[in-house]
């Protein structure tokens, strides 16, 4: 089979491949590039925040005069950077990495399938993602710059914004289409293509997380699609879905008919964007569960409660969207309802985290690089989750709304949370994908530096937010409060740049390890799940013989077994 | 090279009782329900919030109920011919399939043509998506909704026609080798077609009658 | 909303052939330009009310420039002799076919004490508008051009001048300029093909000099009132007076 | 007037309702800290005690833990207590108990948000607001006053916010162009200002001082500059300020 694979041309093998593994790698590389690009945008913003009004070193001189003045950033450019950093990180970085890359590569392998259920749909999904990404990126070259109304694109600001916003919307429509196609594919694959004997409660937790994520994408994205279409109509056909009557801008009436509602956008947007938060975190939880089970050498504690919590979390995530909107003049009945649902949704997260932590009890814990990242995920996600508590209550939110506390909160969830989980996944499955092990000392260096600087970035933000500094300020020192805590801002910025430098060991490791002569073992982590049942890297079609599953996903340290792991695909003598 | 064989393409999965393609289209329709659901809820939200007397009924707004009814009948008929085309495939009669599928496509096109005349009539009277309800100090977004929702629906009809044309002209070759798989494809296209039909059945009273 | 792309394309399509035709005009011969139109803009109605601007509440640096004195908006300024200031008067039609020499230097717009100076001015097509800041606070100059390309540029305190080249006619109405940071700041800049324009000053008068003899449409524009037009025929070495009276009754 | 001190924790609180919010914020953070230390300690303990080493074998069967259930229930109970005992009543008081009764003697002020400054509109000497509406907005009329309405001619429209201490203030918030958010950190107030809606909030200060009003919702490129000076002053000083503003209108000219 491998010879016939070689006969495929370059285009069929790499550009128009329908093999889920190639598509997974394509997604992974593209998403990592976008993540890096998003990081670069953020570093420029951090310069302006730490040293407002000073020329940006090195690149300041290269940017056009509509972006910088004598090398110093202009507010419109700062707003573009903010909006595009958020959009790129969320929609073009983490989701494609967590779902597109890990989902595509690992899901069919872990369920023992030859490929995804619809390989060509899979390819179309990747292509739509690339088109959407390119449309987004091209908006940087427009005369008015890229979208600058925040990643939330609140109307009416976004409706009256420059052409970059139109590109943002068109890009979003492609990204949404990509996610929808991917979601259908994942659900059908997971339901239909499980190997013989792989019942639902023998599925690895990662598969469960991908299944719930796919449902969230499937049902939450269409309303955003609608919102994007409405906003495009508002911008291009002069309708006024989001434009109320009597708007005045720059002293002159805005040429809109009126009759619309700015809050309609927020409802449609957050109806997607809250489930989206779980889209960002659930695959991360799945990866962490895999890595922790594997390296603690014992079954996950409370697998079933975790699965039920996951399902409940998915369902509840559709009922909490308006907790982003407490300060829009919502009545007490509505806010009471959403405060209650928000408190309820915290319970399943607490259960999952508790189960992961208790899984460590009585274990025999190894500390390879992926485990370090997975372990760091627990307290980091813990901080992210706990700081959500005051934000979920309307009264404290009256102080925290749109401050750096919010920034700190959700970055703790997605940056040291999800991104650490992604790193854990990369280190864990790298030998599966390339057949080589990554270098351990470089990996540990990468981990410790990232761990320190991640906290160095986001912990100061908590205190800035506590002091009451608003987010999205081009120059927070304009305010007395911002000036008073400027030291924290500077510390955040330096941590951010050092964090970027800390990724150098990872980049070196990532590329150098591929060229290693020494091959990794077939099952280097001595894992139990199905992706290790086939050769490394897996051939086209994944399994020579369809695997059969005999046991649960995490049969580690079974008493009386010959080794401390009993793979799912090997029948145990009893 | 040996193509990898992905199971449950033609035979139903024991758990769900359907093929992968059919499960996929049902999921897709679920997301479409969310799409049109969001459109309808936005409509309701803005209509409820509109100032007294600024939200016209379809008739007040100049929508032609007889033409709308005619189009509804066209779509319902096309759903029937769609079923017939699938049934004739199942009964091993590709000739009848061709006739019924042709009729479905023609009816779909008729729907779009009628829709096109309705649009151009509106434009002719100076009514555009951005037109507010005349004379109101706080105009409503009725026409915005009318054009956006019916436009999106027409796009769905158009895509359905494209798929059907593909099935009729190019896809039929598969019938000779894998008749079951082809019938499955026709069924999937049919499910989508019925859904688009169903959306119109909600749209028509919402925009024209209420 | 987003008509910018469309506008740019449409104006390219429309203006390009027109303007290229106009540029082919014969070189200006100063010997022909002997006629003069003068006049003034009277104000006859009830004096409109206006309320002082409170700069100090938002930005003390703005207020300091005025020593705590409250300014009133520049919108309607009546002169003591019953005339109206800041009316832009220009020859709307009648001077086609010439190619006039360009003035040296840029048209200047200064930001001083969080007000624009001058409030209304004319400039030539193809000339650059140089926007200066003399204030110790940040400004953001936003040109709401409808024919030319709109611009939106920040100017922190002490920043270099922002220079915008105005490539197309935009005089009816003139381009509005606003500061996005201080909402009370606004100014108007008219871009004209030829040099025959004038802004009424503190005596309410205007003067259009060195015109060739001919028949002209003179337009007067004020930001708050209707546009007014008068046609005047003028002979060699003649001086004619044109009077406008606001508001139109 | 005291100089406000801003630091790493909550800014000074000069509002009447802020104490409840501050109490909640502090209590929740103590709760979070306790939980975090407990979990962190547990993780570190596990990592050391159950590290892989020769001769150490993981336990296959589920440990029978009941305390985790108690912990989860504890978290749920704590959240319920916070929600029912504090969050809802406090929020209801902030949102619903508008001091409309005449004996409460609330001061009403209209706040107009525009790109990129605030505008504060007081009723003036006659105590009544002039007629306003979006159709009146113009460059020389940022408050949207009907200049022909005599009731509005003595209204005070300023860019800085003054209000007296120990007296309820009702603010009616409107926006002209995009969504803004009215934020006074020292008053523990944030309220989005949505165009097309008039949103009413109320608050009362318990101390005097000079602070700032900010905008907390991205409203465009001048968002960061959308601030106003805030002066909370004694009733006498406030009256004096009103008189000065009245003079500055120059109505007698």
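Read from first to last, the chains carry the letters A, B, C and D; within each, the first residue is number 1.
In this text, contacts are C-beta pairs under 8 Å (C-beta built on N, C-alpha and C of every residue); 3 or more make two chains touch, one makes a residue touch a chain.
For clarity, every value in this text was computed on a predicted model and none was experimentally measured.
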Quiz prompt | Pair of chains ranked first by number of touching C-beta pairs | solution = A-D
Self-check item: Between subunit A and subunit C, centroid-to-centroid distance (C-alpha), Å
Solution: 52
Practice problem: Just give me the whole-number Å value for how far the CA centre of subunit B lies from that of subunit D. | Solution: 48
Practice problem: Find the geometric centre of each of subunit B and subunit C from their Cα atoms only, then give the gap between the two centres in Å, rounded to an integer. | Solution: 55
Quiz item: Cα centroid separation between subunit A and subunit D, in whole Å?
Solution: 31
Exercise. Please set out, as single numbers or ranges, the residues of subunit D touching at least two other chains.
Key: 114-115, 138-139, 142, 220-222, 225, 227
Quiz item: Tell me, which residues of subunit C touch at least two other chains?
Solution: 140, 152, 154, 183, 186
Self-check item: Overall pattern in which the protein chains touch one another (line/ring/star/complete/other)
Solution: other
Self-check item: Chains that touch, pairwise
Solution: A-B, A-C, A-D, C-D
Self-check item: Residues of subunit C defined as touching subunit D within the complex
Solution: 48-52, 54-60, 70, 73, 75-76, 138, 140, 152, 154, 180-184, 186, 223-224
Quiz item: Which residues of subunit B touch subunit A in their complex?
Solution: 1-2, 4-8, 13, 15-16, 20-21, 23-24, 27-28, 30-32, 34-35, 37-39, 42, 45-46, 49-51, 54, 128-133, 137-141, 143-144, 147-148, 152
Practice problem: Using the touch rule from the top, collect the residues of subunit C that touch subunit A in their complex. | Solution: 1-2, 4-5, 140, 142, 144, 149, 152-156, 159-160, 176, 178, 183, 186
Quiz item: Taking the complex as given, what residues does subunit A use to touch subunit C?
Solution: 53, 66, 69-70, 72, 74-76, 143-144, 159-160, 162-163, 165-166, 234-236, 238, 250-252, 255-256
Self-check item: Residue ranges of subunit A touching subunit B (in the complex, touch as defined)
Solution: 1, 4-5, 7-8, 113-115, 117-119, 121, 180, 183-185, 187-188, 191-193, 218-223, 225-227, 229-230, 233, 237-241, 245, 256-261, 264, 267-268, 271, 540-541
